[in-house]
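You will see two complexes here that share chain A, one where it goes with chain B and one where it goes with chain C.
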Partner chain A sequence: MIQETLFVIALLVFVAGILIPLATASRDQRIFRIVSHGCTVIGSAALGILALLVLLTGDGLSWTLYQPLPGCSLSVTIDRLAAFFLLLIAAVSACVALYTAEYVEHLEGGSRRNLLCACTNLFILAMALVVVSANTFAFLIFWELMAGCSFLLVMYDYAGPETRKAGIFYFVMTQLSTLFVLLGIVLLYGQTGSFAFTRTGVSLIATLAFIALLIGFSIKAGIIPFHKWLPYAHPASPTPISALMSGVMLKIAVYGLLRFLLDVFSPDLWWGILILILGIVSAVLGIIYALKEYDIKAMLAYSSIENTGIIFTGIGLYVIFASSGQPVIATISLLGALFHALNHAMFKSLLFLTAGSVVHATHTRDIEHMGGLVHRMPCTSALFFVGALAIAALPPLNGFASEILIFISFFSSVAVADPLFKVFLFLCLGLFALTSALSAACFVKAFGSIFLALPRSPESSRAQEVPFLMLLGPALLASACIVLGLFAAQLFLLVGLSVPIPDMFLVGLLLLAMAFLTFAVLYFTASREVRVTGTWGCGTPSLKPAMEYSGHGFSEPIEIIFSTVYRTEMKNERKFFDAKNCIFAEGTADIRLMKIFEEYLYLPVARFSYLAATKISRFQNGCLDTYLLYVFCAVIAIIVYLGWLA
Partner chain B sequence: MSLSFIIYLVINTLVVLAIAPLFVSIIKKVKAWTQGRQGPSLFQTYFNLAKLVKKETIYSAHSSWIMRITPLVSIAAILVAALFVPLVFVPEPVGGIGNIILLLYLLALAKFFMALAGLDAGSSFGGMGSSREMSISAIIEPTTIIVFAALAFVFKTLNVFTMFSASVASGTTSTPTLILLAISLFIILIVETSRIPVDNPETHLELTMIHEGMILEQSGPNLALMELSSAVKLTLLMALLINLIVPFGLSTTLTLGALVLAIVLFALKGTILAGIIGLFESSMAKMRFFRLPSLFAMAFFFSTLIIIIEVFA
Partner chain C sequence: MIDPALIQSVIRVLFAVVIITAAYIISTRNLSTLVSAYAFQSLTLVFMALALWSLEDAPILLAIAIITFISKVLIIPYFITTIQERIRIKRDIEFHFLSPTTSLLLSMGLILFIYIALSNILKDTAARESLFFFGAVIGLSLMLMGMMVTFSRKRAITKVLGYLSMENGVLLFGMFVTELPFIIEFLIVIDLIILVMLTTILSVGLDSTLEEYHDRLHRFHLVEDTEEGS
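Showing the complex of A and B:
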């Protein structure tokens, strides 16, 4: 009963949060936006408590909102899987709303900001409803609602040419995703005859439905090669929206995939291998591209691709072990994937929010124009640091807690029977380890270039700490990162799952004890003299910012080592005055990073569809007689078809 | 947590702290001998540490709290990592202490802080060191994890304590997989402790230094902590190799006699291994930085070979 009440409260509060700023859209007053964000926080709190109740007690909730036709209804079911994702949505949304309450006031756009608030609330509500959908029909409706809202949110700053390109790109990709999900659901409906999440057997139709759904969810989750929208859409949209899209929306796609895998399909081994390969490729390429990126938000976007790759790796391992009769290891992999989804939601939204604060303070997204912010924005830098430690999978924070679960299931692949397959899994393990080491390098570069050493632009040297609310939201997320890491083993026990995860709290205590003992010993034995002086600048009178190591310089060795992956194209055209090519006249030299996926996959597909559309559009000649002919032909065809059928 | 485990924590930390500078000295001594020099005293590393502790600490005006906490975090992480590798006495594992993946990531934690401290002062040498260190540690990672996976595969456990107990119990040293494992672990040891041919621990030349570049801005007691933590790291990786391949003498019961014997034997075995490292370092030149990936690729195929042998055996 209390579950129903909480759900209705959350629903009503979110609707209020949508309607209040819409009704007052003509008035540019802060109070309405604050009320709207207050609604987000209260609604999220209600959803969070509801999710915790379901997770801890296991008592779910089923409820029909609206039934337009028999057999297709908008109904709600909250089981533990849904509750887990609901908790993720609620936690991130509440913290983001706290941040946005201050951030939105610094945005341009007058009363358009009210619309931003309303749309954000609708977006969060849509995501929550996708997760609690009881059938595929409701799932699809809310999925499309979520996609539409997120498109509007990306287009907030619609006047910028960059935003328009990003918006269109995102719109096409997200519609493509919906199209594939729709195809999958229709195929399933053809197979089972209902929209319910019921189990289907093994058949060709089921396999096709799985492929369609996998593509649909991969596009939304930013899995390579369907990832290209992320690095466009994230830099273009306002910071809280990037945080929500990266932290939460990608996880909704993961939820979709899991829901169908767990409740509908009976997966085959090769499905698992397919998901595993998609995951590993996204993880490795995602982080390699992130290292090359100097736009802070695009870098975080690529790192999101990497982390979704890690989640997909966990899911792939789950399917592999489940279908080779290893339920225990399969559970560990699945828990690893789920836990990483939660952890990534926490630290990625933390990183996006603090990165947004930095962009707000320095007015640039290029990390080469930042630097030295640790002295000017101490709190923001400390919060970003927690996020960086977590995302680099360093103990005792949460990123490590989930990656170790996936490592453990990789290490357990000894249990798989086929020897060649074992070797394959170990090779995947090597790539997986490469990913987490590269992400450490990537975030050393990010933190070092943004916060450490000397400011590299006048804006950066004038930067100031952001207001309290813009610290409070990220601070909550940072503490979640620490708690989820330190108490990972205890939390799993609390929800009644036993996993072979090391006791991170003990490790944390040991670390603290060692640091304290060292400090105490040095305090009594060592010299306490401290002198502060300039860095040695090789004899120059003072250190200039231009003399520091830049972000480009930092990642140069990795770029050279992985140069085959980056595919830079060098053009060198020269003209000479004489025939023997001695006297140089003019020339152009050009070093360009090739956008492989765009040039070899996206553009050909786009060109082909454009060509096909041009051919098809010839039917549409605007002449009434032709249309009558079409109708006539159609009627004849139907008569013939029915005649044969009868 | 039982009493014997707490005693283990104390003994292991004290032994590793006491013996680590000695191994560093031995390597230096061997390298000096091969070059026809007398070399510093075996206690020189202890003297250096004692001298640094008494010196003043100098911070750059541009540096932040990162510079100030890094020495503490680094030594704490590496000392905790050293707890994961029993040197002389193997107790029952408690709460996941000894997990081999966690061990690897504790070393990564220290490295992460060190790399940031290298960037903190704004000096280009520090940045160069950090950048190279992070690149090397990224590309050696697949090899390391495959070797560790092979260890887990051979010993059917993820816990270093259990591996050591198993190797003490069996006492075998001659299985081909273990020899291959030893070679791979040796390569990892050379890379992780910044030795020739990957890095040169002696030089302060900007073209070659990696690890030294990162800690160039450290001074006084902080530098002592950094030096000590890299010595401890060397010792713990050596211990991993020694106690897996030649485990005899490693104590599994907590008696004074067994402990003393274990300490003496470990010091002996460590001295021999340090001598081998010194000879190995003296026998080759430092590699060019961008030639390293091919060395690592070789190590990677080597460790994959172990897996393949194990799988098809």
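Showing the complex of A and C:
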């Protein structure tokens, strides 16, 4: 069968892509890395074709790789949901591999770059295997493989203190995520007695399993308040890895949640409300924090939190409508969430890759030190512009197409009977709309600060366009953004789904016509008189780049509006010479952005764990007699259990 | 043919002997009689196996009796006596967590506790013979009493004896309750001999320099600090 052949080819090619650079890890030669990236592209292509075949024909694939014990096996099953996410992985991975083939040569690290290539391939393979896992046992194994690989990739630049901090933070969070997923799977195993994705009834254990899995997947997806690893890990890791993690790995968490919701649980209404609240809070807070961020990669990381929030909103709406007996709206919400996952993978990896190019050219991540790049890097800026338009959900690009689906399902909530619930949904709708607007503002700021006006640093003024391969990968992603936007309605029809979205191609044509019309009117009506004059520079003799309208200036009004969210802490300490505080001696003033989640959630939890660990570690005193005593007590406890409690 | 009732009463007497030797191992401070007590306990087990063999006529019990006699009555005590002669310590007076009196009291409580626990566990099983039930109780108690020796004594050599006595408990339990496969019993005995040989080697030291010899003796708590200068 062609599906099986394609899958085996993809598997073997990826394994080759892992082994070749590993076997030649001591030799710093470009050819091995190119071969490895070639394997990524070929493997992704095979996976992509396989996914398309399954999506279009509906003929799945089931296959057992290895069965260590009866009842738990490493098996794969590709149905349409898995195929959809497989397509997403394949598309992004191939483009990222094209980009990395050039990018990795500019990285420091000598032959360590071979390991980067091998690990990237393993990471992609692990993500693909998570998606195609046929049972929870395989799911967990591949999930942990994915987590381990991503940690190694984040730690590529292990010598930097920033990377080490990010690495440890990420490691703790990702292991917590695995722990919760494991807990959920074990609870489900206790309920159903098998590792298969089988439907469970409504019970307390099923609810607990859902909560554990939701927390596990939320940590991985970067849902607030479990999001803090994203803004640390993304700036610290190499650009292609950020693109893969943000574009694809977050979606694997979404896939996990969906797989369990659709195939295993029988969701309750309040589950949907919980997911919706998590989603909306993440979307709004994510974009508010992104507005305040001036490190370009951290800003994109926060924007990922926002977009994952949007996807969770869609899933929440699906659960709500499905459990209140409105399957049509539920399907629209689910499709919106899925389509947004695909679209976000495309435009976020596009933005990360182009941002990586910009950082590569300017050697800074601070957008206030960029500027004027539109003349120096025209292709990169055009590609970033497409990504910014898409993420700001402007028609006719793909971001708009998916968000409109979620908007439509929100509007349909008038059909919900309970008036109080209706108010709640409309409140969420308002916040959701706010998210879209703020997202547009955020990317206007980003594009303006990075590419427009004059360069604000010497590096920025010396920046040059990146090589061809570093443009080709993002260009493919940008075209995907445009195609997915313009032909959204047609694509849905192609896979056999009818959704109430407008024909975006027509919308695009109308918009183009409007633009031409505006241009024509302005061209013919504008004055032809030429007037040369200097800009008013507030009386200074010459205008300097630092006087430009900066990103800080642009986001200041929004920061004032949301100052209660940011929780700025102002310290003003003064010392005086006299007792009556009249003669000023010295003072310090400090304005600091409070890291609310870190200070009020993460650090207390960490401190508590540390305290508990210190207490518990006293039991390990290095004395053999004590350990024998523990064994003795354990034996007594077992006898007590068997004699009286069993 | 000997009367089964007589054999059963002999086995009951042997149970009492086993308990007495175990109590002696827990409480004594004299190391040379400790080894003798262990050898005597093992010999009791040999007799018990023989008695059971004459009762049930299972050849495996005879085999157990033979290998127990060779390994636990002859070889292991011989090794341990050799160590003791080499390292010249006669007394073990350092205890951890429990003093000998407390250990004795505790082991009495332990036997009672296991008796009640096993009666609870086995109360629904109809085919409960009192002899085999006692065998299980004594076996488990011997095991736990051996364990108490391993964690309450500080000297390595006493710990080893505690461990050996624990294994005797397992053997007793196995003889009466479960059909332990002969091969496993045989492997355990080989393990025990290796363990004792290793203790011999570690206690005495592989090389002959005097400083390291003393160092090792201290590291494995085989000699008291006061003897250091001698």
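In this section, the second predicted complex is superposed on the first by the 615 of 646 C-alpha atoms of A that agree within 3 Å, B and C clash if a C-alpha of one lies under 4 Å from a C-alpha of the other, contacts with A are read in each partner's own complex, and residues count from 1 in each chain.
The rule is simple: a contact is a pair of C-beta atoms (placed from the backbone, for glycine too) under 8 Å apart; a residue touches a chain by one contact, two chains touch by 3 or more.
Fair warning: this is a prediction, and the values are worked out from it, not measured in the lab.
S.K.: Thinking of the overlay built on chain A, is A:A337 touched by chain B (first), by chain C (second), by both, or by neither?
M.R.: So A:A337 meets neither chain B nor chain C here.
S.K.: Thinking of the overlay built on chain A, is A:L629 touched by chain B (first), by chain C (second), by both, or by neither?
M.R.: Touch partner of A:L629: chain C, not chain B.
S.K.: Quick one: is A:M547 in contact with chain B, with chain C, with both, or with neither? Answer first, second, both or neither.
M.R.: Only chain B is touched by A:M547; chain C is not.
S.K.: Between chain B (first) and chain C (second), which, if any, makes contact with A:L434: first, second, both or neither?
M.R.: In the superposition, A:L434 contacts chain B only.
S.K.: Quick one: is A:F410 in contact with chain B, with chain C, with both, or with neither? Answer first, second, both or neither.
M.R.: So A:F410 only meets chain B here.
S.K.: Touching chain B and also chain C: which chain A residues?
M.R.: Correct list for chain A: none, the interfaces share no residue.
S.K.: In their complex, what parts of chain C are in touch with chain A?
M.R.: Counting only chain C, the residues touching chain A are 96-97, 113-114, 116-118, 120-121, 140, 144, 147-148, 150-152, 154, 159.
S.K.: Contact residues on chain A for chain B in the complex?
M.R.: Those in contact with chain B are residues 372, 374-375, 381, 389, 392-395, 400, 404, 407-408, 410-411, 414, 419, 422-423, 426-427, 429-434, 436-438, 440-441, 444-445, 447-449, 451-454, 489, 500-503, 506-507, 510-512, 514-515, 518-519, 522, 525-527, 529-537, 543, 545, 547-549, 553-558, 560-561.
S.K.: Within the complex, which stretch of chain B touches chain A?
M.R.: 9, 13, 53-66, 72-73, 75-77, 79-80, 83, 94-97, 99, 101-102, 105-106, 108-109, 111-112, 115-116, 119-124, 126-128, 130-132, 134-135, 137-139, 141-146, 149, 152-153, 156, 158, 217, 220-221, 224-225, 289-290, 293, 300, 304, 307-308, 311-312
S.K.: Under the touch definition given earlier, write down the residues of chain A that touch chain C in their complex.
M.R.: 624-626, 628-629, 631-632, 635-636, 639-640, 642-644, 646
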